[in-house]
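Pasting a structure below so you can have a look.
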């Protein structure tokens, strides 16, 4: 379902059963999987890659170089892909922006990761599977799987189950009291 | 006044003399009072409740479970209602999202509260009347009335008058040098 | 180029070769120079002043009292112009909002400054030329030229060249290993 106030530049970029809501914009050259939900005012740039069952909440900004596997992404999350940004039209910056390899740092969000509201993901990081990023965090380095990080810059605060529940110990040891998932069954990769 | 580029799914959700500006979206099932101002790119979800004389600045995100009494709300403020978010379409999360009582944590913003730009309000808090939240703060717990909080996580930094002025002492003691409001007249409830 | 889904209230406010993208809104009474790029969902209020070659990325909020010289501005940046905001329709706030001089604090972003994603610029500051503001920072005071600031509140972390490169020493001493700009040629004003 493409909302009548949404803007999808190329419908072939969107998988089946994916919704795009009002005032969201998916550019030509983006890739969005099936059964996704792209919230109001979200933006998906050419070259961004989004998997299946992904919930991109309102106002999320996703650029070229960002890959999101099967995940939740919270409201107002901003990704980034350039750690030394300058206006590309400044003479001093022309050499830098002549070649993507000079500036574009790719980010990967692995399966099942949740990112809290208004978090900022700095360029070139990997967010491990089923990790959870606290609201308003500023993520400056890789996050391990099943790990909760909070703050600016974000630091480790504990572990979470794939169902979202906080765990009482390391994710490879602690069984989940809510969904019953066993620590021994969680894979570090 | 509904701006021609605004989207109001159900005009009966909007009180008299309320403005909704360009690219804002008020969903069906939301409730917005009279003499409010809903800025550009704001989003008000079904089930959100907004009182009278409320200034919802641009890009504010207001969800089900959020109640805003008669207030100012600053630009880019994000509310939240789920402290352990997962993509609802993940098999591990199905049980959690089958019932609102499992995940929805309500927030109340009391009369006269001001929230600074880009603040994030974590799930399940109460912001006391005439309190003031600093720009960019991350509010993780209740805020007392007439109290200024700043930072991530937000902590108390002093007191403010209902007119917005910083006070030299506790809000129930300090009279305001600007509007003349007396500390003894401020109610702790 | 004005995108068909953009909203420019007065085309004479926009200089030649400036692009305004989808769902962006430039109000009447704003001033935008030439060869600028105003990204999706950005908002430029009446009275805001933007120079030439400025890249206003997506969702940036620019208000009356904000002047941006020839710069980059990152995604989701929020400017502010009122340090004690209250809802203007509250009786206690009427006197304050009767006169702009009571509440409006102007901000200047000097030539070549870069502002990282989701940064908040508090009221009444000056961001020096070619300075760089880290992603997610909360800027509460002036930033010196060619200076990198990070954090909430933002503090100095080093120096950058006009091309964006980190410098090994003070900006008036250190030559740039990338673009060759000499420290002695950088002006403190």
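As written, the chain order gives the labels A, B and C, with residue 1 at the start of each chain.
Everything below uses one rule, namely that a contact is a pair of C-beta atoms (placed from the backbone, for glycine too) under 8 Å apart; a residue touches a chain by one contact, two chains touch by 3 or more.
Everything numeric here is computed off the predicted structure, so don't read it as measured data.
*Asks:* Rotation angle, chain B onto chain C: superpose the C-alpha atoms of these two copies and give the value as a multiple of 5 degrees.
*Replies:* Nearest-5 rotation angle for the superposition: 120 degrees.
*Asks:* Looking at where chain A touches chain B, is over half of the residue numbers used by both copies, so same, or under half, so different?
*Replies:* Interface between chain A and chain B is built from largely different residues.
*Asks:* Please tell me the distance, in whole Å, between the geometric centres of chain A and chain B computed from their C-alpha atoms.
*Replies:* The mean C-alpha positions of chain A and chain B differ by 26 Å.
*Asks:* What parts of chain B, by residue number, touch at least two of the other chains?
*Replies:* Expected reply: 23, 41, 59, 76, 118, 152.
*Asks:* If we count contacts the way the header does, which residues on chain A are in touch with chain B in the complex?
*Replies:* Going by the criterion above, the answer is residues 5, 22-23, 35, 40-41, 53-55, 58-59, 70-72, 74-76, 112, 114, 116-118, 132, 135-136, 151-152, 160-166, 179, 181.
*Asks:* Under the definition above, what is the set of chain A residues touching chain C in their complex?
*Replies:* Touching chain C from chain A are residues 7, 23, 25, 41, 43, 59, 61, 76, 78, 80, 84-90, 92-93, 95-96, 118, 120, 122, 138, 152.
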